[in-house]
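Listed after this line are the structures, all set down as structure tokens.
Below are two complexes that have subunit A in common, paired first with subunit B and then with subunit C.
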Partner chain A sequence: MPKTRNRHKRLDGFQRLFLLLVVCLITLLGCILSTIPNSAPGLADAVARLQERSGVKSPVTAVLLNFRAYDTMLEVVVLLLAVIGSWSLTKSPLPEQDTDISPVQMGVVRLLAPVMCLVAAYLVWQGSHLAGGAFQGGAILGAAGVLILVSDFPWIRTIPALPLRIGLVLGPLFFVGIALCCLFFTGKLLGYPEGTAGWLILLIEAACALSIGITLASLFAGGRPDNTMKKIQPPAKHPPGKSL
Partner chain B sequence: MITTLLYSMTGLILFGMGLFTLIVHSHPLRKILAVNVMSTGVFLILIATAYTPLGQGEVDPVPHAMVLTGIVVSVSVTALALILACRVQETSNLDLLKKKTVPETAKESTT
Partner chain C sequence: MIFLNVDNPSWMITPIIVPLTAGLLCFLFQRKTFAIALSAVLVNLLAACFLIGQLLTCGPMRYSMGGWQAPLGITLRTDGPAVLMLLMTGVTGFAITLYARGYFSFRIDDPGGTDRHQQQQRYFWPLWLLLLAGLNGLFLSNDIFNLYITLEIIGISAASLAALSGKPAARLASFRYLLSSLLGSLTFLLGIVFLYKSCGLLDLDLLRNLTENGPGVRAALALMSVGLLLKTALVPMHFWLPPAHANALAPVSAILSALVIKGSFYLLFRLWFEVFASSITTEALNVMGGLGAGAILWGAIQAMRQHRLKLMVAYSTVSQLGYLFVAFPLSRAADNAQVWSIVIFMAMAHACAKSAMFMSAGTIFLHFGHDRIQDLTGVRASLPITVLAYGIAGVTLMGLPPSGAFIAKWLLLSWALASCQWWWVLVIIAGSAMAMIYVFRVISRFIVIPEGFSSQKLEFHSRLLEWPALALALISLLLGLVAPWLLHILAKGSIDLTQILPGGLP
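After this line comes the complex of A and B, so read on.
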């Protein structure tokens, strides 16, 4: 009974004061937002002027991986840091026993997972001229990983950690490596040499999409892979190749 | 103009709701959700500023790129915050504090 009363608790004095303050702040910000001139120039023209030299046709990709590539590089490192943080805190809470997978679920995953990988690759390729890119492709790849994770396949628990770790750092390492090569050859960090920008951007995007996909799936798994279990437990009933 | 204003105000209200929940409620899960709602509001405002009606000039790609960056960062922040919250839940004696009235669990905790 106290629980239900708790849920519909009336706001006390401090909370009412804070509500008033928040409403004031929102009103003030609303006034500011409504007075912003609509015809602010922005950076659209500047981007359009340099589009030819960026090596890609999509303006968003040009901003992300050429004009402001430094931001994107640090962002990929932020993702890596999140995984390192989560891995250092817990082991992933995957079920220890084999669970029965329903045939419908298995069929759906078998159908969807390869298609999702294909769509991810296509999105990365599409990023050079339309909406798309490393993050969109990585998100689809991560979703495929999540789909496989929630299906409780027995071979998930026996995935060795080393390939996972290599996959996680591949994107950031590639990005930093290309940045340093550019520094060496052109004297500018991430200043791509003339004519090679398109290919370099595609290479970086492919490596980053792979890393982002693995990152998102391991963030969903919620901890580092538990490889000690493999030594204690007998090998899984289904060999890895047959389950998927 | 009215479209930009509509989206901006929606984003602003989302931001305000998130801010209120972030301060007032003490449960970590609510706080994490509140931060997510706040960031969604900010993204909405940013996207709204980049809006230009069809045929009236180029769309500004810089806010789009910033929002794309922000979404990925907010996903990783959420994941790390959730794992931290789980750890806090596991390692703290929150359940024992709640079950103060039950004498057995209290005895177990002291011995």
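After this line comes the complex of A and C, so read on.
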């Protein structure tokens, strides 16, 4: 029986063969990769040449938000799609209330969460000249959101769906809006007008960081916000006899 | 205004930006979603028609995003195959949107219906519109990393759509679909890594001009092809397709079978016959053709054996995909303008016919509560238009004239005979004969009304459930009649790189 074998972590013949083939494939690909001469120029030179016109000092941000901003716009949509997909599947299975959260954890989260938001904002701003940007800032925001979620603050459950949706869509929609404005003013989609690139990039990154943070936290929550719960919960919390 | 000039390449972003924005708005508002979706698909269809007109007057175009030119920036381009795929997506997508409206209204109005159907509709529209944006982006993109991102958009939204019905079987199938699709995307991405390391370029035009043909490029091509084949579900890798397509909601099945599969196939064909045409060997083409032949036969055999209508239609997709791959060894013999003709005809005809079939199957499922082929006797009495649509779509699957599939098969047969590769002829004829069997097996049940049969009176009829399917079936049937026009567009679109207009405005 394959099931019992799996339980004992023993591989059957087919799995061994598969493993062998995978190892062979990886070796082969590794060999090929190592034989490729490093002669290809790549695009780094082009980035360095056009850096000044991009409006930011960090080459990574210049590529992500200016030279190849269209890629980033679609990438942000991919993240949103993950949330839409998970919301379409199920309601958020937040843990039952009245679980004991240690006061130490509550205190730490109360201290950490605002600081993390600050760090996220700093990272977004730093993206214009050093490593940083929307994705890094968003990741920190998302982590703050996860901390708040696991600490089970009571107000988490009462967040209505609409502000959450606005927060999720804000980044991509703002990005598309800026892209269309650029099309209107300069005739090029995502072709920022002369001199405004730096500011526009910062604005886009701020909006996207917020959306990415909410996206990651929503993915951790694992489903759409349960609006029906609000209606059901008050009687559950205060049984009819005692509530009034 | 200079922006509104007909020859402005900026128009080609319309089919991407409009569904994208509409999808975001649908998710945000969750009310009047159908109005948003309908206007988006309508604009999308009009944009596809406009781009065809533009192609005919101005020739192929390039558009640089943000005004950054090719090696660094991202380029979009229109050419014959791209605009025809846009047209296919536009027409099919429009009909599917109407059908989806009918489908969800029917289920929501159903007295036994629950909140579930409302939820499904709520998330269907944003997912579908974003998927549409991804598909259009794929058809237009000329940058290999951008193509990967469009593949991601398509894969994630398609898997979410497949899971929408919420049944355990659908969820399991969609999970498998998601994993296969992600594996395909990641393999494709690994291929891009190899390609970038050996060439240092991402733009397809520049890659095509490169003479580099080292092991790195070949490994890249192999990785990208395998990833795309997994996403296209060519036969040994088709395991995820039938359950995912058969268990999804009917409009979703239509989207997946008609459009999503074509996206990755289109990309594969473009890579093989345009970008890396010089690195492709005859053996590789024959392997693809062999797999395609296997797909035709295996898919048809499985389709004949199925007891459930939707599974049968899903297996017929596996079979029909095979013809697209049999075109690989035969297209080598064609000259530049004709390379695309077979696959474009086949893809367009199949998209229309297969979505019509899935819509009909969905309508039948809605009205009878099951899709067991055995118990579907005399459906004609209650749903005549649906049965008619199913029958006409079946004509296309069999490849009878004047359908677009007939043109494609005719070209396949004539090229096979012209290049003395008679074995493909046998496969194509056998596949068509088996298609006839699995189509007629169902049709005969639908049409024959046994003695003493009292047809079920259906109290509720939605025109949106029947007419879009019939319209698509008729389009697929009459596609052969406009063949010269389509060939003209293809020929116009394949003017070579010498005539490329510089992208963007000065």
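What we mean here is this: the second predicted complex is superposed on the first by the 216 of 244 C-alpha atoms of A that agree within 3 Å, B and C clash if a C-alpha of one lies under 4 Å from a C-alpha of the other, contacts with A are read in each partner's own complex, and residues count from 1 in each chain.
Everything below uses one rule, namely that contacts are C-beta pairs under 8 Å (C-beta built on N, C-alpha and C of every residue); 3 or more make two chains touch, one makes a residue touch a chain.
Only a predicted model underlies this, so the values are computations on that prediction, with no experimental measurement involved.
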Partner chain(s) touched by A:Pro59 [first = subunit B, second = subunit C, both, neither]: first
First, second, both or neither for A:Thr35, with subunit B first and subunit C second: second
Touching partner for A:Gly223 - first (subunit B), second (subunit C), both, neither: first
Partner chain(s) touched by A:Leu43 [first = subunit B, second = subunit C, both, neither]: both
Partner chain in contact with A:Val77 - subunit B first, subunit C second, else both or neither: second
First (subunit B), second (subunit C), both or neither touched by A:Ser102: neither
Subunit B versus subunit C as contact partner of A:Val176, first or second or both or neither: second
Touched partner set for A:Ala69, first subunit B, second subunit C, both or neither: second
Touching partner for A:Gly187 - first (subunit B), second (subunit C), both, neither: second
Residues of subunit A at both interfaces, subunit B in one complex, subunit C in the other: 29, 33, 36, 40, 42-43, 47, 68, 71, 75, 78, 81-82, 85, 89
Interfacial residue positions of subunit A with respect to subunit B in the complex: 11, 15, 18-19, 22-23, 25-26, 29-30, 33-34, 36, 38, 40, 42-45, 47-48, 59-60, 62-64, 68, 71-72, 75, 78-79, 81-83, 85-86, 89-90, 133, 135, 212, 215-216, 219-220, 222-223
Residue ranges of subunit C in contact with subunit A within the complex: 2-3, 10, 13, 17, 20-21, 24-25, 27-28, 30, 64-68, 71-74, 119-120, 123, 126-127, 130, 133-134, 137, 145-146, 149-150, 152-153, 156-157, 159-160, 163-164, 166, 171, 190, 194, 196-202, 214-216, 219, 223, 504-505
Contact footprint of subunit C on subunit A as seen in their complex: 29, 32-33, 35-36, 40-43, 46-47, 50, 66-71, 74-75, 77-78, 80-82, 84-85, 87-89, 165-166, 168-169, 172-173, 176, 179-180, 182-184, 186-192
Contact set on subunit B toward subunit A in their complex: 1, 4-5, 8-9, 12-13, 15-16, 19-20, 23-24, 45, 49-50, 52, 57-62, 64-65, 68-69, 71-73, 75-77, 79-80, 82-84, 86-87
